[in-house]
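After this come two complexes, each holding subunit A, first together with subunit B and then together with subunit C.
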Partner chain A sequence: MKQKGWRDLPPGSVVLEGGSAAKFKTGSWRAFRPVWIEENCIQCLFCWIYCPDMAVKVKDGKRAEFDYDFCKGCGICALECPGKKGKKAIEMAEEGK
Partner chain B sequence: MATGLTLKELSKKEDLFTHGHRMCAGCGAPTIVKMALMATEYPVIAANATGCLEVSSCISEYTAWKIPWIHTAFENAAATLSGVETMYRSLKKQGKIDKEVKFIAFGGDGGTYDIGFQSLSGAMERGHDMIYICYDNGAYMNTGIQRSSATPLGADTTTCPAGSCVPGKLRPRKNLTKIMAEHNIPFAAQASPSHWMDLMKKVKKAHEMPGAKFINIISPCNRGWRSKTNDAITLARTAVNTCYWPLYEIENGVTKITFTPKEKLPVVDFLKPQGRFKHLFEQGNEWLLKAMQEEVDREWAKLQAAEKCGC
Partner chain C sequence: MAKVVAVTGNEAVANALRQVNPDVCGIYPITPQTDMMQRYASFISNGKVDTEAILVESEHSSMSACIGASAAGGRVVTATSSQGLALMWEMLHIASGDRLPIIMPVVNRALSAPLNIHGDHSDAMGARDTGWIQIWSENGQEAYDNTIQAFRIGEHMDIRLPVMVCMDGFIISHSIERLEYLEDAAVKDFVGPFKNLFPLLDLEKPKSYGPLILTDLYHEYKRAQHEVMMKVKDVVLDVAKDFEKLSGRKYGLFEAYRLEDADIAVVILNSAAGTTKDVVDELRDKGVKAGLLKPRLFRPFPYEEMAEALKNTKAVCVMDRSDSFGGYGPLFMEVSSALYQMKNRPALINKIYGLGGRDYLPSHGEMVFNELAEIAAGGKIRACKEYIGVRE
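Let's look at the complex of A and B:
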């Protein structure tokens, strides 16, 4: 989004477009990246419900990939993931390695 | 009751609070908002007191909210929403609107327990049809971790710093959930994002009751709690399992505990992973740990007694 001057903004600091934050990508904040290991996934969707950044995609009720444009790498999903037979379906990997 | 609350079904709903917000990585508050809005089956209007949630969810032109949302000052989210709700009732009476609309006010603990307390008390007493949700992270986090009346006993904050003068906060928390119930409102409850189903059921139930409702939700803050970025949900769960943050509701004056831990864990399990309580484990501060456990046990016993007597 291009920076606007005060004359270009609606009066009263009103934001007319709901959900416009989705244009602001927060993925660059990440120091660690969650990696999904599909074969260990039991489709419980805990990662989806607990993610504070709405960065776990779900399609037709099924877990899909992470949304790395927005994932801040907090690691909540990896910690909460039950996985299968003690094997996590999410692991955290250092970014840039 | 059939709640429709399965994660699979819920995942098909649109997120009314979007990604791209600027809360810290691993903050508990966005998850609480996401769950509360997901449990709302009606068009909904929200007011938000100044605090981390408000500041970081609407920066200039970027808003994470997909619903009509008003940023109020720090002290008047409940008063602002009272006005909006009153206008809605008037428009409805005049036949200018026929939709069923719901109202939620969000405030942090500073904005709710302290500075917004009188406007909240007024709105609850007048009985405006709204839910007030406090996301309680136990301090004024947005301005750098100052103590509030929700800060737990013994916690280190920048205005009660643990050191040679004081071992952190010397006063116990204010029990705001009970104070709100004492306003004789139809519904006051405590919830935790770790127990998502319980949280959403409470929001759903509150929406179906006319009048003023209050829900207090524990909201881990890894910056202020000096914990890890990945432990918000785990810490919230431990808070519930130690009975530091019991899950209960008071419906028309009748108390019900909505979740009893299988095994009540010692409160140190909640305190230990948090840097704000680090000094409590140093020699000389054992009394504070003991006082903390006693406070939790006392409050839990009172709650169980209230449930038993049906009051």
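Let's look at the complex of A and C:
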């Protein structure tokens, strides 16, 4: 992609479109990745509610995989996950291991 | 028909704002500006304007509120002085970087420490690199006229930049002078309805202000910001031409007073220029070819035009009512840069005067002109930078 020169910029540092954050993938910031353990999941969707981004996907009203393009690995979902019979449905695993 | 009144500088500028009737006004008190916004708040309370006042907890918040309101799509004003302007500092850069045409009268006052409420230019000079247009005013009439013109300049579709209108604290803000108000309808017509560029409240076209821009594009944004500043001079002159048709009062990038054939000249901002003009007149009566240059547009600075105006002088003194400790006065630095580009340039000296509201007297002006006359006659420059009116 050809980079913009200074004459091509709109006045002011204004992004003239909505939803452009989707183009900037922030998943690479992650040091720990959440891992979903489906058999321990009770489908409470706490993880979906608590995720500060939109990195927990829901399909047909059910919990789906994480969106690792945007998950920064904050671990809030893993902390809030009630799990099943004392076993968490989300665990944090160190990236690259 | 113009209306002749006897008013203070603060009252005059508050009235200019009333005549424009902006959408939003950020209000926080600070001496010597307080009285201006207090008067404006009365206009709001009495239904003279339909401006929404945002009462804030600091000047940092005031400028932040103004930035939000301006990005939302409103015509926005605020006013400040001294520490207030200093507290706004980081937000000033955001207003200009986001190209938001906020209009802000600055009633010039000294900066702490030591604490001082009186007129000096340290506040606005400290904000000269914030990307705001700066227009300086000698008296209440100029402050009134410049405030009205500032809307046309900052809001011009090729410019879209915030504007500070500067006037001296107390000397102008609190002194009653004779001045002429324009008709309300004439001001309304001159300023025109506010036009939006990228309003946040246009929900059909979502947008974001102030994104993170790193090494890939920041340099380009700043280059573009310089470019738009370079267009300001022409707009200032065009607006001044229209304003002259309306008011009969002529404005330029600066005022050249008896400068055309002058051998010696003083460059000086704001109210002290008035005092110095009297000294020039007295010297002219004695046959001394003295002149004066009073900058009006300080940012962007009209380097070429100023060099042209001073090219036939032999010796010039730039007088600063603020200081850069360990450096020259800020106005001197600009005039010096302007003159250096010329092959034959006058001798140049710098005097620091009137800090913290210290009186600037005609005798100080005379002293400076006498020194310039000696330099012009081939005398040696004893010091490039000196303080005048200071006790040894």
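Note that in this section the second predicted complex is superposed on the first by the 93 of 97 C-alpha atoms of A that agree within 3 Å, B and C clash if a C-alpha of one lies under 4 Å from a C-alpha of the other, contacts with A are read in each partner's own complex, and residues count from 1 in each chain.
Keep this in mind: a contact is a pair of C-beta atoms (placed from the backbone, for glycine too) under 8 Å apart; a residue touches a chain by one contact, two chains touch by 3 or more.
Since we're looking at a predicted model, the values are computed, not measured.
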Legend entry - subunit B versus subunit C, judged by how many residues of subunit A each one touches: B
Inset, instruction - Based on the superposed arrangement, let me know which partner A:K23 touches: subunit B (first), subunit C (second), both, or neither? - result: first
Inset, instruction - Once the structures are superposed on A, label A:E91 by its partner contacts, choosing first (subunit B), second (subunit C), both or neither. - result: neither
Inset, instruction - Look at A:G12 in the shared chain and tell me whether it touches subunit B only, subunit C only, both, or neither; answer first, second, both or neither. - result: second
Inset, instruction - Based on the superposed arrangement, let me know which partner A:D67 touches: subunit B (first), subunit C (second), both, or neither? - result: first
Inset, instruction - Jot down the residues of subunit A that show up as touching in both complexes, subunit B in one and subunit C in the other. - result: 4, 9, 15, 17-20
Inset, instruction - Could you please specify the touching residues of subunit A with respect to subunit B in the complex? - result: 1, 4, 9, 15, 17-26, 29-30, 44-46, 48-55, 58, 60-61, 67, 69-70, 72-76, 78-80
Legend entry - In the complex, subunit C residues that touch subunit A: 97-100, 160, 197-198, 205-211, 213, 216-217, 219-221, 223-224, 227-228
Legend entry - Of subunit A, residues touching subunit C in the complex: 3-7, 9-20
Legend entry - Footprint of subunit A on subunit B - complex, ascending: 7-12, 15, 17-31, 34-35, 57-59, 61-67, 193, 196, 228-234
